[in-house]
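One structure below.
Note that the chains are named A, B and C in the order they appear, and that numbering of residues resets to 1 at the start of each chain.
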Amino acid sequence: MSPRLRNIAALVIFGGFALLPLLAGMLGESFLIVIATRILAFAIAALALDLILGYGGMVSFGHAAYLGIGAYAVAILQRAGITDLTLHLLAAIVAAAPFALVTGAISLRTRGVYFIMITLAFAQMAYFFFVSLSTYGGDDGVTLAARSTLLGQPLLESDRVLFYVTLGLLIVLYLLALRITQSRFGRVLTGTRENPVRMQAIGYSPFRFQLTAYVISGCMAAVAGVMLANQTEFVSPALMNWHRSGELIVMVVLGGIGNLIGAVGGAVIALLLEEFLSRFSEHWPLFFGLILIGVVLASRDGVSGLIRRIGGAK
Amino acid sequence: MSLLEVRNLCKSYGALTVTDDVCLSVEEGELHAIIGPNGAGKTTLISQLSGQLPSNSGKVRFGGEDITRLVMPQRVRRGLSRSFQITSILPAFSVMENVSTAVQAREGSSFRFFAPVASEVALNDQARAALARVGLEDRTDARAGSLSHGEKRQLELAIALATNPRLLLLDEPLAGTSGPEAERLIRVIGSLKGEVTVLLIEHDMDAVFALADRISVLVYGRLIATGTGEAIRADRQVRSAYLGEDA
Amino acid sequence: MTNLLLLQLLNGLQFGVLLFLIAAGLTLVFGIMDFVNLAHGVIYMIGAYLVVTFAGMTGSYGLGLLLTLPATLLIGLVLEFLIFRHLYDRSHLDQVLATFGLVMVITEAVEMIWGAAPLTVSMPEALSGSVPLIGPLRYPVFRLAIIAAGLLTALGLWLVITRTRIGMRLRAGASNRAMLSALGVDVRKLFTLIFAFGAMLAGFAGAMVAPILAVDTGMGESVLILAFVVIVIGGIGSIKGAFAGALLVGVVDTVGRVFGPILLKAVMDPSAAAQAGRTLAPMLVYILMALILAVRPAGLFGQKS
């Protein structure tokens, strides 16, 4: 995707979201804002995943774990009497970083199929960890007493404010991710995806760069978890079910990997599709799955190739 | 003291010995060629010297330092770079990016997350210089994957040069090229003499004898002779083992 | 205490052989075809559902089991023909997406056919009792039968792989895929065979546990991920590794859940030990995996790449 096209897409998507509450107000459909906030939170997670999947070539099947870590950071701090959103975000990042560092360091000793399975296994480990926290409802999860506070005020209790805060975070993280991919670090990361041996032959040790990217990505996904917990006011291990990790990959791929804004668009497409299909049938995953298989099989060079062809780009 | 000292280097896969007790020294400033029939183990030797392949036994000293146990990126940072027989580039990157990524590896930290790398003048200038050297200065914006084979070989050489090596290991730089393409590459390699020490593997004998100060002959993993072009041409053992002539 | 340990060891062994049946086919698919298959767990689930239905139709669990085997073999063949064979030369990402989609489709389809409520099937009369072990300790015959069936299957697989032509090809393929076609093997046919046979083994596992578990649509998922852990521990493509890994995971998981808290109580106060035990026990196999990978990135029996 050319930089120009990407900027246009970003403007359209973010601009559209910014105007959404107006539309919802006119239609009198306030639930639109609720759905849109959920989409935005997932878009943050998809963006995080694209950073390592699209740019680093690391197919992580465990990113839902970071959603969970972020969400539980809210629940746990709240019980300790800490309600401030910025502190929740900080705690989520501080908790996600070491988990990403340790599991990433082990996963990155391996390649390909191994990497996929190991990230999946570690996410499942995190899942069981939170299932065992009986003080936080175990399997059933826990309902939050209230949303996080902002500047000491319960501002996020307004769906509209929560929506705009989430949108703001998404835009900031998008710009941050964009800068990272265009930096020295981003170039090494992308180069390693392209040809690791070549990168070693000019003096880079790929591991450190991949691991750093993995940690950054995990922390970003934890931010998404904080916002998701606030949106639903409910936290449970179901958030880190392996299906969730799969859905994040689906989002990134549907939107086109390796250009960041595609991941955001993919989150919109995937969740709207889910919303749409679930109106028709309680068995919507059947149709979602069929669409997924169809899309992959229909395109010889993969889903991204199909998107490229539909998009008419080279 | 030689720039590169190889002592009793061995590599085997099971019962198959690919590098057999190789001793070799490369002097500062010389262009040293290694020739040998197909399957002599030349690429394996280069891979061992560059640190891509671990050796079973033996020692490698570079600039007086024992580098036997160092991996490839560590050796590159000490000034020991290689090019690949089978072109190894970053296909989705532009020609310029391919080379400036190599410059970046030795110029400052790569743990910089915010400043756009594409507008770093120092990197681009040095990359442009390396590209000009191999004659690719007009193709800086092309996608590396879209280059012709000959251009890719030029790029391969430019990338290796951009690491600013003290010793350059060139693994068949002319592979797959011919005519003017090959001549251009030969000129570039010749121009490196006196500036960079080069260890060259090449099948094109005319090029080797024209370029090399000294030549070593590798047959079945063993180094059977080292000397000037004339000495090698006259060596009976070389003629029988390599050129297939009766002694 | 010894009795409890023996009991849990047997339970762990039973769980282990089950994991082996699931992991055996999967590790070959990963190793020989370099193919990521997330849909293996749902075949196990289908095996359980089919045995419930077939046992209901025939009035006999044994007959139901006999019908389930060819049925899951057939399902494996059909899926390979319709979907998997089009994905062999694709990226891992595409394989992940398509098989993930397949998991959604099959899980949902099973729920539409059999309903969301868990099902049960009764075990055959002859195997429903228990036998004395030591002293007052008794162990269910059916679980012993599962262990025996699993070990026999493992033995059979071992014989096939070490003593037959096709086994030789499999071993060659697992360590070097290019060699397969060089040997003039009809790779496509071999792949189809591995898939279908792997599906049957998973279906067999599902059918065997159906009488001692609630059969529901979630049963494939936890087992799938544990099978991944088994394969990673054992080394991709290695049947021997899958066997060792499966028994290790089965025993560590089962014994750890019971003895973890007991051991912890020796070093900390009971309530803290109970919580720590509950937390650590389910994580144990993943920690085991991490430790093994830290020492041997290619797994216990994996080929170093």
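We adopt the following convention: a contact is a pair of C-beta atoms (placed from the backbone, for glycine too) under 8 Å apart; a residue touches a chain by one contact, two chains touch by 3 or more.
All of these numbers come straight from a predicted model, not from anything done at the bench.
S.K.: Which chain has the mean of its C-alpha atoms lying nearest to the mean of all protein C-alpha atoms shown?
M.R.: If one averages C-alpha positions chain by chain, the most central is A.
S.K.: Out of every possible chain pairing, which has the most C-beta contacts?
M.R.: Maximum number of inter-chain contact pairs occurs for A-C.
S.K.: Counting only C-alpha atoms to place each centre, which chain is farthest from chain C?
M.R.: Of all chains, B has its centre farthest from that of chain C.
S.K.: Centre to centre, by mean C-alpha position, how many angstrom separate chain B and chain C?
M.R.: Using C-alpha averages as centres, the distance is 49 Å.
S.K.: How far is the middle of chain A from the middle of chain C, if each middle is the mean of its Cα atoms, in Å?
M.R.: So the centroids are 31 Å from each other.
S.K.: What whole-number Å value describes the gap between the mean CA coordinates of chain A and chain B?
M.R.: Averaging C-alpha atoms per chain gives centres 43 Å apart.
S.K.: Under the definition above, what is the set of chain A residues touching chain C in their complex?
M.R.: So the residues of chain A touching chain C come out as 53, 59, 61, 103, 106, 109-114, 116-118, 120-122, 124-125, 128-129, 131-134, 242, 246, 249-250, 253, 257, 283, 285-286, 288-293, 295-297, 302-303.
S.K.: Touching chain A in the complex: which residues of chain C?
M.R.: Listed in rising order, the residues are 30, 34-36, 38, 83, 86-87, 90-94, 96-98, 100-105, 107-109, 111-112, 221-222, 225, 228-229, 231-232, 236, 275, 278-279, 281-283, 286-287, 289-290, 293-294, 297-298, 305.
S.K.: Any idea which chain A residues touch chain B in the complex?
M.R.: 179-180, 182-188, 190-191, 194-195, 197-205, 209, 212
S.K.: Once bound in the complex, which stretches of chain B touch chain A?
M.R.: Interface residues on chain B, with respect to chain A: 50, 52, 71-73, 76-77, 81-82, 84, 88-93, 97, 101-102, 104-106, 108-118, 120, 159, 162-163.
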